[in-house]
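Next come two complexes, and both contain subunit A; in the first it sits with subunit B, in the second with subunit C.
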Partner chain A sequence: MESQQEPEHLPSGPTEVVNSIRERTIAENSMVVLLQGLQGQVTTVDLKNESTARGRVVNVDAFMNIRLDNVLYRDRRGQLTQLQDLFITGRNVRYVHIPDNVDIMKTIQSQLARIHRVRNFASHGGGRKEFATKTK
Partner chain B sequence: VQPTTNTVEEPLDLIRLSLDERIYVKMRNDRELRGRLHAYDQHLNMILGDVEETVTTVEIDEETYEELYKSTKRNIPMLFVRGDGVVLVAPPLRVG
Partner chain C sequence: MVLLKNLRPPTEGVRHEQAETTAVMDGQKVGCGTLYVAETRLSWFDGSGMGFSLEYPTIGLHAISRDVSAYPQEHLYVMVNGKLGGENEAEMAEKGADDEDDASSNSSSGDDDDEEGAITEIRFVPSDKAALETMFSAMCECQALHPDPEDDDSDNDFEGEEYDVEEAGEEHGHADIPSFYTCDEGLSALTQEGQATLERLEGMLAQSVAQQYHMAGVRTGETNAEFEDGMEVDAAAMEAGQFEDADVDHW
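Up next is the complex of A and B:
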């Protein structure tokens, strides 16, 4: 039945939400949602191994794994490397610099709203009553 | 991102009392942060604003075996801190 399945084609880009229920639940209960809302922005990630990576956030998952593109990677000695694509394991993240123009509360709220919209779309009977659905 | 209660029930609630206040965070690898706490979660992932990071290193003189403590500071306007690096959270230390 269609109402039991995850929606198959979600728009990509900043409005994208993960298809896995488990990841959505993990993400909505932690601050990772803020990092997910940074998709498309250029930020600097400080790694635990004292290196830094500055690039555009492609995607952040519930485990804080981060994909960046157009990256300037600086190793612990200060040597610079340009990388087209970089995947950072969540465990290796020490800091993520938040760009000045980001409104933190708004970003978190809109990410949570996206997660709840997808959850309502997929669940039978309209989902949670406190989040009004557009159709039906 | 949980709804908040008013009573202090568990250690994390003490951190909740510091929301929007300046705090001191001791981190692993001899780092310290001082900044304004904007948000946190159960993993102690935190958003800190107006942060000063202090990294302390010790050099040992090979002849005199003297310990030379050096600290490097930098300022960052808004920082997301991954919780597994956090050792302790406290009100800012008073100097002197």
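Up next is the complex of A and C:
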């Protein structure tokens, strides 16, 4: 099953939009963009403390903080708990499983394209200026 | 369990306050009080001056638990790296008060808590279960304000030089180059003054609520000067003109 995300669809919700230049720059230069492209997918995150969380990716920010919902959380001892919403601090992430159906290159490319579109949209006057004559 | 008595609830940057919230630490009920989700730290006080606070860098995860088969009440679950309680707690709180940025080193008591993976599980059980989502979101926002400063993955650094727009341009043609030049490309061409000014501007940006895109574009010396960075420079900024080119000569 292909990714649910349409390239044109910007993430909704209070904390999901990558709304800082710094975060975009960080994301653009790291593999975090791949994780950000997993939004909407169900996947498993392995934490450094040997626990795992499987749920739907709500958001991943540039610092690899991961927000999941409808989570099945397995602690180190193997005990299972259901969690409605889970926020994992980036520092605690060991692995993020990429679902088999995800095309990694395409996901990265579309995420980078989205970042560039957001950037260009934000410039005054709208759109790219490849041959700007003067600043306002 | 030792609770600290000399801390006060935060007054600034409180994103959310939840009264009538019971705190349970590692299975032990601590009491009923108020949870304060502030930008600097997460704290809880029982109203008589007793309470504890947590530094966001020490928080590994937080979650909403509505699974009553796992725990009988719906609550906000917070997992803290390291152990709270006993000697550690007093030390940790002092470190927290004195040195906010270094809260992750709470293994200074001599135990290698962090490395052994010791954790503290804290549950905040509000009497108003409907507030859980707001509590959770407020924590998400505050947690995001504290990215890991010790991240050993240097790719997250602004100063990474992997992406060279010139090389990319030669390989793919100019049409594919984004019109916005990130700090990475221009950073290598910055002088010390340029670096300092960039840092100052970044600091200003971070404080600016509006997040308007007035950051000056920074480019390598070789790039075509006609290429706008896609972001207008605020005319009111006195030094705006200095950043049109990152040439050393401009200074």
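To be clear about the criterion, the second predicted complex is superposed on the first by the 107 of 136 C-alpha atoms of A that agree within 3 Å, B and C clash if a C-alpha of one lies under 4 Å from a C-alpha of the other, contacts with A are read in each partner's own complex, and residues count from 1 in each chain.
The rule is simple: contacts are C-beta pairs under 8 Å (C-beta built on N, C-alpha and C of every residue); 3 or more make two chains touch, one makes a residue touch a chain.
These figures come from a predicted structure and were not determined experimentally.
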item: Partner chain(s) touched by A:L47 [first = subunit B, second = subunit C, both, neither]; value: second
item: Partner chain in contact with A:T89 - subunit B first, subunit C second, else both or neither; value: second
item: Which of subunit B and subunit C A:I108 touches, first, second, both or neither; value: first
item: Partner chain in contact with A:R22 - subunit B first, subunit C second, else both or neither; value: second
item: Which of subunit B and subunit C A:H116 touches, first, second, both or neither; value: second
item: Partner chain in contact with A:Y73 - subunit B first, subunit C second, else both or neither; value: second
item: Partner chain in contact with A:F63 - subunit B first, subunit C second, else both or neither; value: second
item: Contacts of A:D100 with subunit B and subunit C, given as first, second, both or neither; value: first
item: Partner touching more residues of subunit A, whether subunit B or subunit C; value: C
item: Partner chain in contact with A:M31 - subunit B first, subunit C second, else both or neither; value: both
item: Overlap of subunit C and subunit B interfaces on subunit A (superposed complexes); value: 28-32, 48, 90-91
item: Residue numbers on subunit C that touch subunit A, as the complex places them; value: 56-57, 59-67, 70-71, 77, 81, 117, 119, 133, 136-137, 139-141, 143-144, 147-148, 150-151, 153, 155-156, 158, 160, 162-163, 174, 178-180, 182-184, 202, 205-206, 211, 213, 215, 226-228, 230-233, 235, 240, 244
item: Partner subunit B, residues of subunit A touching it in the complex; value: 28-35, 48, 64, 90-91, 93-100, 102, 104, 108, 112
item: Interface residues, subunit A side, partner subunit C - complex; value: 14-15, 19-22, 25-26, 28-32, 47-50, 53, 61-63, 65, 67, 71, 73, 76, 81-92, 116, 119-120, 122-125, 128-132, 135-136
item: Subunit A partner contacts - residues on subunit B that touch it in the complex; value: 1-2, 29, 38-43, 45-47, 76-82, 84-85
